[in-house]
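Note that chain A is present in both complexes that follow, paired respectively with chain B and with chain C.
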Partner chain A sequence: MNRSFIGRNPSILIFLLVLAIFTIGVTFMSEAFGAGMISTSFVKTLGKTLCLALVAVAMDLIWGYAGILSLGHFAFFGLGGYMIGMWLMYERTREIVESSMMEAPIPPTEQEIVDGIGNQIFGVVGSSEFPAVWAFADSLVLQLALVVLVPGLLAFVFGWLAFRSRVTGVYLSILTQAMTLALSLYLFQNDSGLRGNNGLSGLQNLPGLDDVSQDYVSMWFFWGSALALALGYVFAAWIVSGKFGSVIRGIRDNEARVRFLGYSVEGYKLFLFTVTAMIAGIAGALYYPQAGIINPAEIAPIASIYLAVWVAIGGRGRLYGAVIGAVFVSLVSTYFTGGQAPDINLGFYTIQWVDWWTILLGLSFVLVTLFAPQGIGGLFDLVSGRHHPDRHGADLGPDHGSLREEEAEE
Partner chain B sequence: MSQLLEVNGISVTFDGFRAINNLSFNIGRAELRAIIGPNGAGKTTFMDIVTGKTKPDEGTVLWGEMSRNLIGMNEARIAQEGIGRKFQKPTVFEDQSVEDNLLMALRNNRRAFAVLFWKPTDADMNRVSELAAEIGLSNALGRKAGELSHGQKQWLEIGMLLAQEPKLLLVDEPAAGMTPEEREKTTDILVEAAKTRAVVVVEHDMEFVRRLNCKVTVLHEGSVLAEGSLDHVTANKQVIDVYLGR
Partner chain C sequence: MLKRLLVIVLAAVCLATLAKAQDAATQATDDLGPMQQVLQEHADLIVESSRRTIGPAIDAVANSGLEAAQTVLEVWQARDMYQRIEDGLFFAAEETGDDIFTLTDFDTGVVVGEVPDDALEQIKPNSGIRSLIGTALVSFQLNDPDRAKRDEAISSLERRGNAELLTPLRNSIDGEPDPALKERKMRVERLMTITYDPDEDARIEAIEEMAGDLGVDVRATLNPLVATTIRVFPDGNVPADLNIAREVEPGSEELPVAEAYEMLDGPPMVSSDDLRATLQDNIVDGRVGGIPVAELFDPERREAAYGALVDAGTIPPRPTAEEAAQAVEDATFVAVYAEPNPAITAAANRALGKIDTNVGLNQFLDLGLDALSLGSIYFLAAIGLAITFGVMGVINMAHGEFIMMGAYTGYVVQQIIPNHTASIIVAIPLAFAVTFAAGVAMERLVIRWLYNRPLETLLATFGISIALQQLAKNIFGTQARPLTSPDWLGGSVVLNDVVSISTVRIAIFVLALVFLCVFLFIMKRTRLGLETRAVTQNPGMAGAMGINPGRVNMLTFGLGSGIAGIAGVAIGLYAQVTSEIGQAYIVQSFMTVVVGGVGNIWGTLLGAGLIGALHKGIEWFNPSNTLAAQTYMIIFIIIFIQFRPRGIIALKGRAAGD
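Showing the complex of A and B:
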């Protein structure tokens, strides 16, 4: 019992080791630092995948451990991306505007530069004024703070209202989905202040680092994503390893019982919902500079549903399961939707994977839910010999007296 | 004022059905009390009201030396005040070990941040092994609660209640589905617990109530029909009519 945190959770060490080997391996195969076997665009795909794994860890905390099926965590992910995107776009545009204005005979005033940036950024939505939400866009420190504060605050207010009214189960899922949809529809509007459906673009270019090639920038973000995933994983493992983990798993299995033990269930849910929203925000802030563009379609409810599918396929209630699910499904998805998978010609019909991939994914989701509720992560139980009490969800109850299941079945 | 809990004239109506009708009930600091009554007499609703799950339409529930009104507090707050409840069906956390179940119930700070940084002290671990010995689960500490037999789950839940160190224990049909030996042990645990705190047992089984050897309250149609020793209430004409059929 008194063994150390790592000693009680050997899977953490294994995970970190695998992640380190993967990171080093990719580094030595990259175009920037190694043999160049992996193209820069694929390094970006891998880096983005690590960010998706991080948001999947957050999803597993809130769904797999606390039993709250949130269909809104991709909204927090997107908000994190928007927050960092605002600074990237502002500073980058400032450089362009400044360099073009410096050629003019009269040096521009500060106000002229700001107006010029506004024209550049908001020209596409027929405006040139900076909306209030861009107030801190010129400060990297403040925008980085907003990466966690904005998703955190939205999650806190939403969670406070929802949990206090004791909305649970499928009703809460619908509410979170409504929140996601509302946010995405709002951002689609041109006057939302975040360039409507154009979104923010050119995020792959870091201000002031024009002469650094994308080969290097992609590696920096890859390392950053790997580090964030490692830290996020250890943090999540620490949260669930102690009594806090016991309580939230208790909330998942029997909320009323936890309440009668004297724990304020609403407070725990709110804490976890907010913290996971912040983790999602950080993951998003690392993802979108690698993707280069963010627009409101990224926040659409379908993205959050995908997130739930990854976690379910990987295995709920175990952190490495979430990582495996996110990595596996999103890489396979890239393969099928990227046109790399060969079409299958059935004679009367040709299966094109770009169209059929969603159906394949949906089918595997249903199959996993029905036949392998432990997901891919469940395979590790076969190795480690961990067993689950199988009572088919039913309590044996007073009728069967004190019999165990095997006795009762005889 | 030597009473621990004073329930005065509570009534509650569900969709026009009066589940509790002007019910009053008192219990002292270290007292064992059995509540009996036919199905639908309002036994479980009574517990729901005391533990904060259901809000009564009228009446007061006064608690402790300060006679604070419990109505309006939420379940967690009432549990922290020192009222523990055991459900009819054993509800333990099946996916967690017996030890984790007991640790979670141990009386400690319940706030999220305190729990996040909490580490079990030696005193906590000693208390857990003490409790495990008391409920006969010393050898099962590392097992998942879901693997336990029905009777063992009932005991684990009683153990979790004792770990909370409540001043008042509400126990709903603790002996349901137990073998005769298990029932005997359960009786012992409850009688022992009632030496230092108030224990209210809701039970159908008259034999079990007889063994508890305590004051009995008979509920019928949401109010108290009779109160006294088991022999006294079973001799009561009204009780016989209600229980033994008209």
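Showing the complex of A and C:
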């Protein structure tokens, strides 16, 4: 066991190599730096997909490795987006307000500018006052810190409350779903201070960079997303490779036994829950400037369930599985729901994929759960010739989150 | 002598002639009916038709005590009264032919004849006069033998009272044969006494009598009595004859300092916007008051520039904030009642206080009913879930879609059977059958392979959920489909002006009760219930006893799904049926089951009641914001789980599973 971290996990190197080739390939095909074979909007789609892959890695950490099916990680993702969106919107509006006020005969005071920004941003919800949550919106550094701190703090408080009272399994899933619903309902209110159901918009325009075309901005975000995914992946692999990883897998398979061995199960869970929430926040902060708009509907519980769907289809309990699942499902979804897929004419009925894609997704999801619990990632076991443990039908662990024989990989 | 005699004779003759003339005149008036006489006496006023002078004429008709009075007023009001030009008599006229009018005498009611329209002069009362006539008419209508007319008269009084009608109203109460109308008359009399009676004691008595009454009309009568206006006395000398409610402190929410200052006649305050505008108007060569425009982004430099303009005499000086505050400080602000009599306002305030307490109590009752009905809806939605999740440990994310299937079944049945009552009676068992079949199919095809993998069940059923939802969208479209309730469910039960509950909600409450009983019966009294309980506690042992766990699970799951279908019909009756109808209830249903405790129907009942009450309670604190109510409710539930992680009623022992 003296081999290096990378040596023990060759999949990391392979993953990074594939990601690098992909990034370079897209760069040379983009409109900004290369042949222009890939349109700017598709570069954005790819960049967003990388962010989704990052949040899927976080989801895999908490579900695939620790056995906690959280239905709240997309809420953390959205919170990260809101935090960066506040700065983007504030600074962007300040530019517009300042330039219009400078044309007046008398230069505006500091207060008048702030009032003007408030009017611009909150006019849609019938207010012009800055709520307290916008206190740091004028500082990029502070808002960037909040991208990590706000989801982290929420996850910490919620996780502390939930794990402390030993809520596990399905109960915990429902509770996280309730948290997500509460958050999205709260944000839907006009007086939540975040523009209610209008959400934050115009996030694709970077303040001070009006003369840089979106072709370049989209590439910057694409590179940023790729870098974040690479770092997040290595970090997640590092977490699960050592002793810490063994403990959390132990918690997944038999929580009581790990507790009796003297480990602070709650501490491990809480740490992992909080860290993955922070990763989700970072992913969201990179995602929403590429999407251009964020509103509370993005945070609705169904988004978090979709996240679990990606991880399950990709193969939970293996990090590259999560990435594959997120990339595969979200790109295929984009293809089908974007109206690009050709209709199928059955003679008596024409299947339009915009209408039927969700049904296909739902059913294929049921089939994957029933017949291929290892997901797409399981295909790699065939290549690498790994064998499943033969336990003659016995489970790896009694806990609800533990892997069953047919989905275990090591 | 002869001369004197002649004078006497002449005088006698004259007298006789006079007397005869007098006689003739009397004879002429005697020929007329009594009503015509009254009308002739005021003929000038009637013809003049002026709102200011018509009063005595209307009064004379109304107070004549003649039977025809009401008819005259009605005809007059309807502009059907005409004056015959040749003799100046008044008739009711009706156009019966081309420019030919049929005249009817007021006193006798007989048709006098037909005349062309140029022989008549129409009396045209303007709207002011007509409303005066209407008021006079009310006193007749109050005693009209026709019940509908009395009803109308009372309604008109309820809408708009009138001081002069108080006495006729009081007089009409005793003779009122209809008890319902009599009650209304007495109530209007009380309310009008409060507003119009000249006697202070009578008013106070009426106010005290109505104290605590919940009617909106009582509050509408009392509120103007205690309405106040804020008045300012700059020197602090408040006249003693004013009926003062209280002193108003400037700077309070009722009277901000800026508003208080505006009420004083001082020089106006200058807001920052005004200041900016003034500076803008006084830019001279890029400078304002000697200060370069470019420096005016600084608020202090703006003040300095304004000061310079004042010093130069360009603009009038403005009060400083301190001066304004001092001026407001020196003045006295009082809220003054419009009603001058302090005894009346005091009584009205007491009565309103009593009413407020009463209204509060009744609102609480109303809230309780709302909570109960919401709780029974949650119970209906959650009871199926409690069976599948609680008894079998299977989490069914598609439960909401079973509710949706039930609602759409109801809709489809209503398309086929137009009679609402019949269609509901058909729809309920049909919805049960449809969702029972769907539930059994789902259990056989998917869930039974996943019994030891509950988290995978959650995701697999979620897949089914989104597929079903999209399928419903493809079939029925995205627009809401109405599920109309039968007429006998359409109304609402009104206890008083505050407490009311719609009949549909009562029906849903009853339905929830029925299902509670059905569920209890099945679980405690039937073979299936016994087997279900056995399988829940220990599937292996139950199998050893000859129970087929697979069959029991299938039937239990079907039962839970079937009840969801019926809940769908019930929910569809008061909510619009869309493909997302189930989503609206699914999280609340999960909460209900989790809060109530898994595996116990009483727990589900308590959970539904708690969540319903909580929801309505929070909504009551902040009625404008239902979203916030849901947010706080979920936060409360998360905290509640801290203290009772297994719900209100937790299973104990082996059945608890650990």
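Simple rule for what comes next: the second predicted complex is superposed on the first by the 390 of 410 C-alpha atoms of A that agree within 3 Å, B and C clash if a C-alpha of one lies under 4 Å from a C-alpha of the other, contacts with A are read in each partner's own complex, and residues count from 1 in each chain.
As a convention for this text, a residue touches a chain if its C-beta (ideal position, glycine included) is under 8 Å from a C-beta of that chain, and two chains touch if they have at least 3 such contacts.
Remember, it's a predicted structure, so these values are computed and weren't measured experimentally.
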Partner chain in contact with A:R257 - chain B first, chain C second, else both or neither: first
Touched partner set for A:Y349, first chain B, second chain C, both or neither: neither
Per-residue contact with chain A, leading partner among chain C and chain B: C
Which superposed partner A:G267 touches (first chain B, second chain C, both, neither): first
First (chain B), second (chain C), both or neither touched by A:G242: first
Chain B/chain C common contact set on chain A: 395, 400-401, 404
Residue numbers on chain A that touch chain B, as the complex places them: 1, 239, 242-244, 246-247, 249-250, 253-254, 256-257, 259-265, 267-268, 271, 388-389, 391, 395-404
Touching residues (chain side chain B, partner chain A) in the complex: 51, 53, 74-77, 79-80, 84-85, 87, 89-91, 93-96, 100, 103-105, 110-112, 115-116, 118-120, 125, 144, 146-147, 149-152, 160, 164, 176-179, 182
Partner chain A, residues of chain C touching it in the complex: 272, 276, 279-280, 283, 288, 293-294, 296-299, 302, 389, 393, 395, 397, 446, 449-450, 452-456, 458-460, 462-471, 473-474, 587, 590-591, 594, 625, 627-628, 630-631, 634-635, 637-639, 641-643, 645
Residue numbers on chain A that touch chain C, as the complex places them: 69, 104-112, 158, 161-162, 164-167, 169-171, 173-175, 177-179, 181-183, 185-186, 188-189, 191, 301-302, 305, 308-309, 312, 355-356, 358-359, 361-366, 369-370, 373, 395, 400-401, 404
